[in-house]
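In what comes next, subunit A is part of two complexes: it sits with subunit B in the first one and with subunit C in the second one.
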Partner chain A sequence: MSYKNFFDPWIILPTILFAIFVVPVVWIISSLFGEYSDNWTHIYNYTLSNYIYNTIFIIIGTSIGTLIIGVGSAWLVTTYNFTGKNILEWALLLPFAVPPYILAYTFTGLFDSYGTANNLIRDIFSLPHEFIFFPKLRNVYGASIVFSFTLYPYVYLVSRMAFINQSRSIMEVGRTLGFSKFKVFYKIGIPSIRPAIIAGLMLVLMETISDFGAVEHFSVNTFTTGIFSTWFGLYDFHTAKQLAALLLIVVITFLVLEKYSRRKNRYSSGSNVFGPIVAEKLRGSKNFFASLFCMLPVFVGFVLPNIQLAYWALNYKLEFFNEKFITTAWNTFYLAIITAIICALLAVIINFSIRYKKNKILNILSSFLTVGYAVPGLILALGVSQLLVFMDNLLFREYLDFVLTGSLVGLVLAFIIKSFALANSTIESGFLRINTRLDDVARTTNTSGWKLLTQIHLPLLTTSFLTSMILVVSEVIKELPASLILRPFNYDTLAISTYIYAAEERMFDAAAPSIAIVGVGLLPIIILSRLTVKSRPGYRNNDSHYQSY
Partner chain B sequence: MNLATKLLQISLAVFIFSANSFANEVNLYSGRHYDSDEQLYAKFTAETGIKVNVISGKGKALMQQIITEGASSPADLFVTVDAGNLWKAEKEGLFEPIDDFDASSIKIRSVVPDNLKGPNTTWVALAKRARIMYYNPRTVSAAELEGLTYEDLAKPEWNGRVVIRKSSNMYNQSLVASLVANHGVEATEAWANGLVSNMARKPEGNDRAQIMAVANGEADIAVANSYYIALMLSGKKGAEQQVAANKVVPYFPSQDGRGTHINVSGIGMLKLGPNKDNALRLIEFLLSETAQNHIVNNSFEYPLLEGVNPHPLIAQFGTDFKQDQTPVSSYGEFNPDAVKLMERVGW
Partner chain C sequence: MTENTLEIKNLRHSFNTDIEVLKNINLNVSRGEIVSILGPSGCGKTTLLRIIAGLEKQTGGTVNINETIVSDSKSFVPTEKRGIGLVVQERALFPHLTIIKNVAFGLKGKKDEKYKIALDLLKLFKVDGYANNYPHEISSGEQQRVAIARAMAPNPKILLMDEPFGALDHALKSELRDETKKIFKDNGTTAIIVSHDFDDAISMSDHVLIIDDGLVAQEGSAKDLIPITRKNSFKIA
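Let's look at the complex of A and B:
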């Protein structure tokens, strides 16, 4: 990079933005350069191997689960017609609205030895009191199941978008070669969308790693519960931060590796191969199993927990839905929208800079921001506090009666860092789909910089932009332990109402706000499902274009 | 883009507004999450005109937030449900000793016994809870209960009969820390080892889940906080729990020895808080008869104030039981030791 480039606004702007947002992450990692307390001996000797073992087990289990459910159902609804497909293709996104810890709580409510489901089985078959039908879920297997059924929509969404955008002609080649349906799927369908699947899987894994609520409820010790037991139990925040930093370094390594591996495989297809998807009609048992395969995740990840929640809420805490609820719901939605807009804009600016200025350093560095998704919320929140206090002292205290500490700024900042990965993955793949030749043509007509971004790229990015916003919205609505300590006084959101009760396993009290989270989260999900279908190139000319095909 | 710019402008306006403060107020960082506490603060506001602003969250996280915010922190008071947190906040030098404020301190000091407050009254307890046992009267004999202590639960006759929640729970950490304070780490670790081998199942669930396990016959005896039995009996948690609560009997352990383990909800005034006078008034209010009655009738804790009676649902099990006089502040001091030894024995 020459010195001239250094002063280019398309280098400076994204770099400054990046610098602000990355401070809290750097603050966590910087703890590794501090002192190491005696507690490390205890952690190393007694708990670390258990944390690592369980974490890896859950990561592998969740990967397998989300891949089978996510990719499998995406392939089915894209390629075939079967009973209920029109509903299932958007219903498969519904578990997005259910945070893993809420599924965990409802699962134990249902399947514990004396939970609803076991009681029901005993009642129906008049079985003895000691008879337990459903196996115990409070273990690594249960945790993997919970994460698989709540997080597979990330994989489903990216796979589905990728399958929709996939060239049909290569599938047809497969069929003419005499491949079976399944062989087309795993020999041709999957390999050509592998980068998308891996990007979706990375999101799943980062959320799995940072989860505290579900694994704590299942009494499974993971790396993240270890961070909290060091902080809350050993009263050692510094060592907790160091553990978090180690976790982040592992995640960053994976992110960089993923970026690196993707550079070698550029999958592209000619622009004229997007023939209409003619979904094949399935019949008989194939029809039945395809329906069942796509219905199961919706049932387990959405219907079942909501039945249990509704049962709890109706019995115990209906007065939650009062006028205060409206404020709380509005706060939640407002925060989510603001965060989503900023997140998406930030992702656009950073990715545009990477593309337009071929800014390789920023490309690698942006992994440091993406990694915010894997940071346990409370630790991230304290990093943000640190930044706010610093900025307050630097900027405001002398001149203005205006402080950032305790304002919504901190909250939004934390959400942005936490959910940037979601916005980034969609925007990044959106940019990849825009042919670089377009940029070259634009340059010849003197369209560059701001004009190139707003007049050429942004219109082509509309779907990606909205998708990234919606992902962030649904993330902010459900997942916010960070907000517990960063929010202004007396400021409640739905997730706070849920979390405060759920953290103490007061599920009856938490049920009503949980249902509200699901309800508020549904709207963006329904919009999202509409967008996914439209994301196929040339969709807008659908009627005229395809009819003349 | 236009819409985005507008939203950004609006949001900036909201930020400025939300950062602004009202003059007559007091700011509370609270680790207690009871709806009834909000009603209590509303009573205070009605009485004094002082607005109470609350952020509730996890005790340790709020404490770390107070440390991080330093002089920028708006917090005046820190409320928590575990004595260990109070000890730690005091050690970190976050609290202003109430003894330095003559008029208020006399009133506050006269109410709070020495073992339930910090040095120089840096913090005071607001309400007490006992960590007691719940047994199944059909499987546990009177002879077995005779003089039963926490220490006894490690004895072989309880093999496969005990349930207690995970070591990550702060009430367990405080209980074990109190044992460390009395017996030292080594003896307590041997005890914890015995207890773990006596457990009827791998620790799971909250305190109520332990009581449910005894009611369902999964175990014979459980360790859990005192207010849960009243909560369950009240029917607020559903008919199922009410039925279960009637199948178990609460037992106050160690009556012939040190007494039953006590923990507290407590409050401390923060050194760097902007509204000290209002903070003191709120503490005084929380120790008043009105407030104490409100607390015990909603959370089923034991009152701090003499002359206030616990709620009948909990008082029926006795109010004059012997309470462990181990200073609650020692729970914090020995908490890390307690956690480590519990992790070593796989609790």
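Let's look at the complex of A and C:
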């Protein structure tokens, strides 16, 4: 690399971007080395242990839940044929469309003492008013259940891929060595895909500890609720940052474990010769229980919350399309599309730069950029707010006004950092499918980089571009904490109005925006299920789509 | 003739269709004998091995191992109880276990004893230097040596090998073939080797079986078969 490269636009741009991505995070972490206020001492002495206890409890509960549901259903679906399998195979992804906070809201509507489910039980068995069948869910148990049923698809997806790619011969050789079918499953089947399972589990845990909406609704104190109340209750920005830094350290640990497991998984995906997957047909009670096992998570994580939402919407004669809803939906949509276009364009430019310049440093930069998804929304909000204040001071000091702070810029920036990885994985695999011979031919005819990109690559990337936009849109629409904090005054999005209604216990009003969020969330699942089919052995180039999931 | 380790009588098989993959197979393998099975692609060689291993249940006929029925219309002994060893072309080493643990996997008993047996086998196949490596760290020829060692470790009644040398290059192949034969003969191993390759069959086995169209087309000792097959210019798929 020569000094000339420093002035090359294909290199400068990604570097600036990198700085914008990294500065907020560095700011947060550096707060740990600053002063500690009285608030910190108070939190340290009285509430921190509670945050830690709750967080650990939820991590353990959610791990157990997602592993049992995710690995179990993936294994059933790949090795057996049972009633409804073909539908369940993709239906198991549906809970991806329901963000944890929406499941939490519907669960309280269903299972609170006078919620739908308890009322129903009382009505059916004509029991007294005091009778409560379903226990309270507004606690760490409830939170673990909510996370398990909304996030298990991460584990399901990776284990299913791993089971599909697992050589059938490995299991068969295991049997000839004297192990029964079930023993082979847990002595070889599970351990040999352990890295894949861990990678999926780490994604679950990153989401779990980033969550704000669900734990807040259940009044479970964790780091995120602590950060929020320190910032907006005590107005202590600095202490909030210090709490955020602690949380970030945990996130980074999970992230490193995830990357490490993924690398390890590449080695352990055994042989390159595959026997066809011959699923065994189950009969009788085995068939029944297999169906039930796979149906339950779809029911609890998708069907049930939607029934409750529909019930609210219909029973309270909800005006679905009132003016407020339309404004909110438009705000959300507009924001999501802007973010999606910017993300997809950035991903195209960066991937093109890497391909065109064949530059190692760019490659490393880009892999750093893709870890933005791991940063909890709340922490992003902290970092981005500080960045904006800094920029305002720098650029607009003479107007003595905040220009960037409280504008859409902060929100879009946070969303870009959060969803760049999604856009990138799709665009990256899109580029991989374009034969590099095309580039060589272009070079020999002395085509410029710009012309190569716009006239050859872009037309070939149309599908990837749209796919990446859809993924980003659905991510942005679901996002709650960063939206809540960084939004311009009175600028409501679907997620925010869901949150506000739920906070006021006006569940029936929360139904319309929730249904809209779930509806948009279904789009990427449709894409994902199509890709999953294509990514069977023989279509192996496609699996980079999963890498970021 | 000595006692038969494997006896197959009137074996038929079809996969949920009208097409019979195996029509009427009869085969006897006596103790310590090495038998090769040849035949064009898709003629049912793998299917035959899978039926012997109990990974597939045949439509008709009987399979006996050591003079006891392991599979007929009435009874079925599951794979793990048949005492067989399996080696496949793709090697199928357990990716999450070291080489020595792979070989020791099927052994019962104390850890030290298991590892000693495993290490001795690795020495025999000249891969003891990799005992603590993982499968992806060694070459495919070495992987195949480990796979054969692993299958032999529990001292199976019969070793089933499905194109064990198929993925190796020519020089490596003949070397491993000769070594394996010597080890089998020293050890008294009974083995069935499925192959595409005449050289494999001729150099390794006492007895050769050629399957075509679901039937045994030709059968005989390796020496007898050479002129016949050459003359018929049997096509190797």
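The criterion applied here is as follows: the second predicted complex is superposed on the first by the 318 of 549 C-alpha atoms of A that agree within 3 Å, B and C clash if a C-alpha of one lies under 4 Å from a C-alpha of the other, contacts with A are read in each partner's own complex, and residues count from 1 in each chain.
As a convention for this text, a contact is a pair of C-beta atoms (placed from the backbone, for glycine too) under 8 Å apart; a residue touches a chain by one contact, two chains touch by 3 or more.
Just so it is clear, the structure is predicted and the values come from calculations on it, not from any experiment.
A.B. asks: Between subunit B (first) and subunit C (second), which, if any, makes contact with A:Ile121: first, second, both or neither?
C.D. replies: neither
A.B. asks: Touching A:Ile198 in the superposition: subunit B (first), subunit C (second), both, neither?
C.D. replies: After superposing on A, A:Ile198 lies clear of both subunit B and subunit C.
A.B. asks: Let me test your reading of the model: by the given contact rule, A:Ile307 touches which partner, first (subunit B), second (subunit C), both or neither?
C.D. replies: The answer is neither, since A:Ile307 touches no partner chain.
A.B. asks: Would you check which partner chain A:Ile170 touches, where first means subunit B only, second means subunit C only, and both and neither mean what they say?
C.D. replies: It touches subunit C, and subunit B stays clear.
A.B. asks: In the superposed arrangement, does A:Ile188 touch subunit B (first), subunit C (second), both or neither?
C.D. replies: So A:Ile188 only meets subunit C here.
A.B. asks: Kindly classify A:Gly178 by the partners it touches after superposition: subunit B alone (first), subunit C alone (second), both, or neither?
C.D. replies: second
A.B. asks: When both complexes are superposed, which of subunit B and subunit C contacts more residues belonging to subunit A?
C.D. replies: In the superposed model, B touches more residues of subunit A.
A.B. asks: Which of the residues in subunit C end up touching subunit A in this complex?
C.D. replies: Of all residues in subunit C, those touching subunit A are 53, 55, 78-82, 84-86, 88-96, 105-106, 108, 134, 136, 147, 150-151, 154, 156, 160, 167.
A.B. asks: List the residues on subunit A that touch subunit C in their complex, please.
C.D. replies: Touching subunit C from subunit A are residues 167, 169-170, 172-180, 188, 191-192, 194, 267-273.
A.B. asks: Hey, which residues of subunit A end up touching subunit B in the complex?
C.D. replies: Contact set of subunit A toward subunit B: 39, 42, 46-47, 108, 112-114, 129-130, 138, 216, 218-219, 225, 228-229, 231-237, 315-316, 337-338, 341-342, 345, 378, 381-382, 385-386, 388-389, 392-393, 402-409, 412, 454, 484-485, 487-491, 500-501, 503-505, 508.
A.B. asks: Where on subunit B does subunit A make contact in their complex?
C.D. replies: Those in contact with subunit A are residues 1, 4, 7-8, 11, 14-16, 18-19, 27, 33, 53-58, 60-62, 64-65, 68-70, 72-74, 84, 88, 166-168, 170, 173, 202-206, 208-209, 212, 216-218, 236-238, 332, 335-336, 339-340, 343-344.
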